[in-house]
Amino acid sequence: MIEAVRIQQEDFSQDAEIAALKVGSQRIGGIATFLGCARDFSEGREVLQISFEAYGSMALAEMNKLRSEAMAKFGLLDARIVHRVTTVRAGDNIVFIAAAAEHRAAAFDACRWMIDELKLRVPIWKKELTPEGDSWVTPHP
Amino acid sequence: MIEAVRIQQEDFSQDAEIAALKVGSQRIGGIATFLGCARDFSEGREVLQISFEAYGSMALAEMNKLRSEAMAKFGLLDARIVHRVTTVRAGDNIVFIAAAAEHRAAAFDACRWMIDELKLRVPIWKKELTPEGDSWVTPHP
Amino acid sequence: MIRVLFFGPVAERVQAREMQLEFTQGMTLHDVIVRLGMQHPGAFSIVSFIAVNQNQIHDKKMALHDNDEIALMAKFSGG
Amino acid sequence: MIRVLFFGPVAERVQAREMQLEFTQGMTLHDVIVRLGMQHPGAFSIVSFIAVNQNQIHDKKMALHDNDEIALMAKFSGG
């Protein structure tokens, strides 16, 4: 059984994550997911690669907290959060979030809340490699 | 290349749908998806099976319109809508919607709008098979 | 000839998936509904949507054409 | 011993991923930051979050304990 919250180098499969979600309950009516991908373009510049770095132990702890909070706050049946920490190219998967609920409204609200909170609370940093050089990404306020 | 909008008996794969979405653009930053599943319980009754029926040609035309409207309205890079028309059991997939955009807000908004509109506009009907008998589902207003 | 299609709950009440009516000049959607309603009293009380040639129609006074395909449909419950 | 960890943009400025400081009784988070700031002027201007033993801390007057793990972190940009 793969863990519901993970930080890993390797890619993940939506099918495998969804299958793992469904094991827990036959009461799931809707699963909302968010898949974050690497873009070939950011803030007007071409991006060749994106390289991630994490404070691994704290990031994993925060992601687990985030999942528990979302499950309680939105009454979810289950949720999963997977973040890759490696170097990726345009089109590659970065982050996957899934929220399973009896009805779709809670699933959508929870999924969106988790990705918004992840960006604020989880100690992971990205550096964009462009033809003009590398730079750490500074999030907008 | 599998069609972006389909009505089919057989199950679908999220991985295959996402891969098909990504083929079109390397500018995708976020993909929001919704997966509707069959529940074992509805309105206080146990549900053994759910059986779907569609006005196939009109349903497909409406789903195609829905996709085009969503792409224009939310500035999506791509979108997919797949609905099964068959008999399913608890845990089985029913409908899959995916919205791909440069940024996550548009992807979430579009995905949610598409499933909400699909339920209002696409001529598909479901019948729940329960231990007390069968009944066509009447949507809430 | 006019084809009238029924699905799901409406098909169950009418006990048919399709009927064919002879087309007559000047025939309207309203005429078709009245005629079918007499043959199947109460069966169409759950009809919420009507389509002609797969386009939703709101004006029942609409004149029909030969070979039109009509669908009398209950509220959708897909997804 | 106090371990201080650096990641991403902060690690790049400090040119290190980890430093160790001798623990002294009564030492505060503030003391550590001042001391490192003198060794690496300007390097910590981008620090937005501080964690002690993987919990975010807002009060720099917090007393440290021997073997504490401190992280001085720039704004997160994951996801």
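First chain written, first letter: the chains are A, B, C and D, and each begins at residue 1.
The definition used in the following text is that a contact is a pair of C-beta atoms (placed from the backbone, for glycine too) under 8 Å apart; a residue touches a chain by one contact, two chains touch by 3 or more.
The shown structure was predicted, so the numbers you read here are calculated from the model rather than taken from an experiment.
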Practice task
Moving only to chains each one touches, count the minimum steps from subunit B until you reach subunit C.
Solution key: 1
Handout entry: Chains touching both subunit A and subunit D
Key = none
Problem - CA centroid of subunit B to CA centroid of subunit D, Å - result: 48
Practice task
Please compute the C-alpha centroid of subunit C, do the same for subunit D, then give the distance between them in whole Å.
Solution key: 73
Handout entry: Chain centre separation (subunit A, subunit B; CA means) in Å
Key = 22
Practice task
Scan subunit A for residues touching two or more other chains and write them down.
Solution key: 36, 115
Problem - All chain pairs that touch each other - result: A-B, A-D, B-C
Handout entry: List of subunit A residues in touch with subunit B within their complex
Key = 13-15, 18, 22, 26-37, 39-41, 90-91, 102, 104, 107-108, 111-112, 115
Practice task
Using the touch rule from the top, collect the residues of subunit A that touch subunit D in their complex.
Solution key: 36, 52-55, 57-59, 61, 83, 94-95, 115, 118-127, 136-139
Practice task
Report the residues of subunit D in contact with subunit A in the complex, numbered from low to high.
Solution key: 5, 7-9, 11-12, 49, 51, 54, 71, 73-79
